[in-house]
Amino acid sequence: MSSAPAAASPKLRAKGRPADIIFQGISTFAGISILVMLGLVAIFLVVQSIPAFGPDFDVKGTSNFLEYVGPLAFGTVWASFLAMIMAVPVAIGIALFITHFAPRKLASTIGFVIDLLAAVPSVVFGLWGANVLAGFMKPAYAWLSDNLGFIPLFAGTASGTGRTILTASIVLAVMVLPIITALSREVFLQTPRLHEEASLALGATRWEMIKMAVLPFGASGIVSASILGLGRALGETMAIAMVLSPSLVVSFILTSGTNPSTIASNIALSFPEAHGNEVSALIATGLVLFIITILVNGLARWLLGRNPRTGGAK
Amino acid sequence: DESEDTTGGETSSISGTLNGVGASSMGGAQTVWIAGFQTANPDVTVNYDPAGSGAGVEAITGGGADYAGSDAVLEADATSPVCAADGYPVNLPVYISPVAVVFNLEGIDSLNMDAETIANIFKGEITNWNDEAIASQNEGVELPDQAITAVHRSDESGTTENFAEYLSAVAPDTWDAEPDKVFPYEGGEGAQQTSGVIDAVTNNQGTIGYADASRAGELGTVALKVGEEYVEFSADAAAAVVETATIEEGRQDGDLAFEIDRTTTESGVYPLVLVSYTVACSSYEDAEKGALVHAYLTHVISEEGQQAAADEAGSAPISASIRDQITESIAGMVE
Amino acid sequence: MSKRIEAKDLNVYYGDFLAVEGVTMNIEPRSVTALIGPSGCGKSTFIRTLNRMHEVIPGAHVKGQVLLDGDNLYGDGVDPVLVRRQVGMVFQRPNPFPTMSIRDNVLAGVKLNNRRIAKSDAEALVEKSLRGANLWNEVKDRLELPGSGLSGGQQQRLCIARAIAVSPEVLLMDEPCSALDPISTLAIEDLIGELKQEYTIVIVTHNMQQASRVSDSTAFFNIAGTGKPGKLIEYDETTKMFSNPNEKSTEDYVSGRFG
Amino acid sequence: MSKRIEAKDLNVYYGDFLAVEGVTMNIEPRSVTALIGPSGCGKSTFIRTLNRMHEVIPGAHVKGQVLLDGDNLYGDGVDPVLVRRQVGMVFQRPNPFPTMSIRDNVLAGVKLNNRRIAKSDAEALVEKSLRGANLWNEVKDRLELPGSGLSGGQQQRLCIARAIAVSPEVLLMDEPCSALDPISTLAIEDLIGELKQEYTIVIVTHNMQQASRVSDSTAFFNIAGTGKPGKLIEYDETTKMFSNPNEKSTEDYVSGRFG
Amino acid sequence: MTTATAATGSKRNTLTAGQLSKWAPWVTLAASFALAAGLFMLVAVASSTDFSWAGVAIVGYILFLIILPVVSRIVEGGRKAMDRFMTGLVTGAFLLAFIPLLSLMWTVVSEGAARFDVQYFTESMRNVVGEGGGAIHALVGTLLVTLGATVISVPVGIFTAIYLVEYGRGWVAKGITTLVDIMTGIPSIVTGLFAFALFSLLFSDPGYRSGIGGSVALSVLMIPTVVRSTEEMLKLVPNELREASYALGVPKWLTIVKVVLPTALAGIATGVTLAIARVIGETAPLLIIAGFTASMNYNLFSERMMTLPVYVYNQYIAPGMNVSAAHERAWTGALTLILIVVVLNLIARLVAKIFAPKAGR
């Protein structure tokens, strides 16, 4: 019947929908503003650190920037690594406990209590780490270096104060624990019931169900959670500054009083007295930390890419 | 600006805000002075941010503060945007405090040591409390067979610099590093700030550290060998060494940069002291600011001010002669 | 109220993948048209092109024309939002808004669009729509309760009430009964019979009996194999399609002994 | 291989809510029993009590007995894990493990028991189970691909293969075909016919035709109203149930013109 | 094979064969700890050292972790043993986290209770030397600075998440996601330095200090957390709801504002609270940009502003002669910070309760 060429009636024509465009504009602008903000931070870091790369470098007895930043970068990565190998398994354990082991009614309360850890200011972690934890760990360090000193990690004399890189890493681990736990918990809760029931119906025990359904589903979530936690660990400043007994060394020893420092805590320790070239050097170490973060993120993304998320929205 | 408008102060009508940044060593004393000054002048707010000497120097030379605190003197040719055209930054020694070498050994309150021994302990050459070098100076004291844990500052610090200056002046062969704010050797353990050092020493047996004497508390302290006798730290002994100090050559009028004679052998003098300076302008670009700084510094160096700091922050009051010199230095601020 | 729909040589894509190819069909106003065919043949894809819901999926796009009383839905400057106000849709799984009460769910089309409506008008609209969806008696005492608290069949009827509350001219239903029990299914089939007095209705169903019971015309889609596009094989009156179809494949499909 | 199931005065609860009340029924070995009834009458709830899947839901619990060849599933010290190994289950929505290949999906249950299964045995078992589930020909060339890449019907048959790979003695199926198209449904109904040679099968279905086609006995559940518990109304041979039931409500339900 | 007669249930049940009884784990637990305690008692007596509770806990737990699975393996078989082992491990992980938590909370509460008084919350440190004084100036500062950071971060964060979930496609969205991850790794002190550089440049004031500067620094730390958590929550909103809304002729932006956001609101509130908790205890950046003062300052936009973390830090490192008075103030400050976050958490839970989608599955 209607073979007439289609000319849309005004009823279907848009007036142009300004609200839609404005809203999308605001959202896009917000996204872009992050780009800008990060760009500004990057520019700030680069511009302010340029003088550090000059020839007359002389900070803390080192004669070039690499010599200065090397041990710090090592310490940063080493401390974060130690913190992560402690925190990630424990966080996964806690998240599993909350989601699959604890009685339902208790679970949300427990979750809340763990979240409390996230509320503790880093200064307080510093005070606690330096004055409570270090003293608590000291006998263990003495025992380790007396009895297991042949293992390189425990070589040499033990710290007389307990302010070692291991203590600092434990503090870091406790600090990132609630972050990793909270996110993993959310992800585990999202495990499709269907998959959990599928494995149970096959006669799986609780642990087997977790292995078959929960962990594969949550793998990418655990990685994201760990990245967030790692970000915090890499950048933590005050707690490390207060807990660690630092030196400008590269050392894997866990129990000694001579420990590599971290970039962020070194900035906090040196910045108040720094001037001129030294300020630039410190900001340049911040730039290095920034780059380390980018690399670590890239690595994690690559890991994620190899093990893509299955299921989920979109 | 939040300064209250009430004219309630009976004692004064000056008002305004004064910002200082600098050495943490005199943070406690500044709190005392500020409290006293603000009580007398309710419309004034003085802030002192104990961010560190470096931050103070950066701030005053960059124009980021009205005055600064510094453990080390400003270079002679430094300038500041807050100074008047004919003004220049001056160093004013307002805070003198002995640095104590503190230790934690059960049942021992005091030990005698010469600079050589202290240097060797902090370098990690002497590692046990029953070492002959210590024992020989402390006859009658039962020294335990215990490892020494030497605690130094992990942050950059004026205390470290003064400690190192003393050791390198008196025991130059042992302490062979250039005195600096950074602790130069790898041995020992680091802790942040005076509080960190005090905590590390207090919480652990067999430890030794150095810290502003006001924080020594119950800890054992070392009497330094000066000449042929051993001197415990005290405000008087510390003030005495400053009396013997000379003003550095080549400084402008009113710039009171001290050179302390660490190697003195005079009796009753404790040469391990920290002198902290207030850095201000000889005259200010902004006259009101100048008047405010002048009023404040007058309070700081006043006898009550110095005594309050001695009582509440453990410093050694400056002598009358230094007070006179400073009064002269700051006179230009109100002209 | 109801309108004629014409699809003209419609090709439907997901990104580069051609999911449905060359569909041309006329849908009469005030009739029920059933779309049948095996899984994956593009029934859902096609029905979603009729109110421009297809393009909501990233990368999805359409070539060809769909005319609503002669106006091309895919013409230049056509606002999909306005299209959807005239062509309502009910989905396979009931999806009431979980944060809203039953009343607000019915009024969603009005309220979400920020349109003001007098309280008495709103009440009247809620009652009319719920009656229209055959749900009024069951829920009239609990209009303030959340819609997600209803049973599956009730939720589906709530979604129908929500769709007719905005007075569309066409109603699309993608397997509206597949999640429902027989009693709820009966209620909805009865409802479709009533709604066709006013609306043009297009319904996707897997259920031959249902198609033969409720529809006036039936369109059979088929697909040659995975990765191939779905095609409209035959489109005719329902009685003809189920008794004496032209195509062999249609006969095979509708005569399967399935229900 | 197959076992007799007896439910004795079974009451099933969700927390305080009594969902199913007083069910007593005997299920013969090597037979197919269909559970039918309107939505919400407790079919799913009941079938899940037969392998203790019910208690997976927080707060859910059971009173009464379920005997598997005379052993009470709910006796003291009974390990639900052992129960589930003997009583397999297939769900309404196909749920292969998305991270596993087709082969690993089939072997998922078997690997739990003996990790070190010989490669050749594994191959044989995969083939046997997939053939048993009528899927072998379709997937034999892509056993390494993820199971989630299959079509809905194939996924459902994969789940059946997974369930029979552990050689259970009873197989429970909760609406296994409701998400499937007619062709896949046909395949699965044929499969059920074959499986009953070896297994005791209990199947929930909304589809009367399907119930009458595949089952030997039929149990009709009904519910008096929302909030009331579901009850077993009648349980008899399928032919009897569909031709000449004892209860009026059974007759009403099965004679509904629904399919 | 199948006996026709129904068992009475009193017969031996094949389904219960080879099971450990319910109390077996508890007995094993008690036995393990008793064993460990005995062991350490011996060591303590033999070497005349202190009895080590920590040692008992560790060794007892390890014994439990070994003994129960071994027994289970013999009686119940390997799979059940593995299940018991993992249950022990997971529960252990959970209890392990309680050690630092309890230790921290105990330290903070016991040390902080002394000054948790009216004076503390009504007075500042202006003109206070030695005992007395309070932290009202720091409390107000922290609330203002954090509020400022929240006001900046929440809109930016939520709109960015909206962009990523609802609009963003292709490399721009990917790039922003990566940048957000990178942002989480910026050391807190660098954000302070950055904010300081930015503001002193903008106001050409080399001594620039203000609360708002602190807010900006904290935003840099807060935004990525807000984006991440909001993004996750928006992704959880089923597409069906969006489509239901579109099908009613609702424009996209109204769909987002009125359907997507309300549905995700509970989760977003939790995420924002977490983000606030993340930054409210930051010290390093505030030390640099918000500065230090003993006096009250209500103006976020000018002059130094005290904040609780800086206050705590300062009371600790510069206690003056009356060390214990200052340290008590410091701990009370820490306690206050934690309480603020607890209250925020409770509010978020309330919001979650009120707005949570009713009766889901």
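First chain written, first letter: the chains are A, B, C, D and E, and each begins at residue 1.
Quick note on the criterion: a contact is a pair of C-beta atoms (placed from the backbone, for glycine too) under 8 Å apart; a residue touches a chain by one contact, two chains touch by 3 or more.
Quick caveat, the model's predicted, so the values are computed rather than measured.
A.B. asks: Using the touch definition up top, find the fewest steps from subunit B to subunit D.
C.D. replies: 2
A.B. asks: Any chance you could name the chains that touch subunit C and subunit D both?
C.D. replies: A, E
A.B. asks: Specify the chain pair with the maximum number of C-beta contact pairs.
C.D. replies: Per chain pair, the contact count peaks at A-E.
A.B. asks: Rounded to a whole Å, what is the gap between the Cα centroids of subunit D and subunit E?
C.D. replies: 44
A.B. asks: Between subunit B and subunit E, what is the separation of their C-alpha centroids in Å?
C.D. replies: The computed centroid separation for subunit B versus subunit E comes out at 40 Å.
A.B. asks: Roughly how far is subunit B from subunit C, going centre to centre by Cα mean, in whole Å?
C.D. replies: From the centre of subunit B to the centre of subunit C is 83 Å.
A.B. asks: Compute the distance, rounded to whole Å, between the mean C-alpha positions of subunit A and subunit C.
C.D. replies: Between these chains, centre-to-centre, one finds 49 Å.
A.B. asks: Can you pull out the residues of subunit C that are in contact with at least two other chains?
C.D. replies: If we look for residues of subunit C contacting two or more partner chains, we find 81-83, 86.
A.B. asks: Note the residues in subunit A that touch 2 or more other chains, in rising order.
C.D. replies: 17, 205, 208, 268, 271
A.B. asks: Mark out which residues of subunit B touch at least two other chains, giving numbers and ranges.
C.D. replies: 24, 51, 192, 196
A.B. asks: Got a list of which chains touch which?
C.D. replies: Result for touching pairs of chains: A-B, A-C, A-D, A-E, B-E, C-D, C-E, D-E.
A.B. asks: Show which residues of subunit C lie in contact with subunit D when the two form their complex.
C.D. replies: 38-40, 151-153, 178, 180-186, 206-210, 213, 226, 253, 256, 258-259
A.B. asks: Within the complex, which stretch of subunit C touches subunit A?
C.D. replies: Answer in residue numbers: 4, 6, 65, 67-73, 75-79, 81-83, 86.
A.B. asks: Note which residues of subunit A are touching subunit B in the complex, please.
C.D. replies: For this pair, the touching residues of subunit A are 60-61, 130-131, 134-135, 138, 157, 159-163, 241-242, 244-249, 257-258, 261, 268-275, 278-279.
A.B. asks: Subunit A touches which residues of subunit B in the complex?
C.D. replies: 24, 51-55, 57-58, 147-149, 151, 154-158, 181-182, 184, 186-192, 196, 199-200, 203-204, 206-207
A.B. asks: Could you list, by residue number, the parts of subunit E that touch subunit C in their complex?
C.D. replies: By the definition above, subunit E touches subunit C via 169, 238, 240-251, 254-255, 258-259, 262-263, 355, 357-360.
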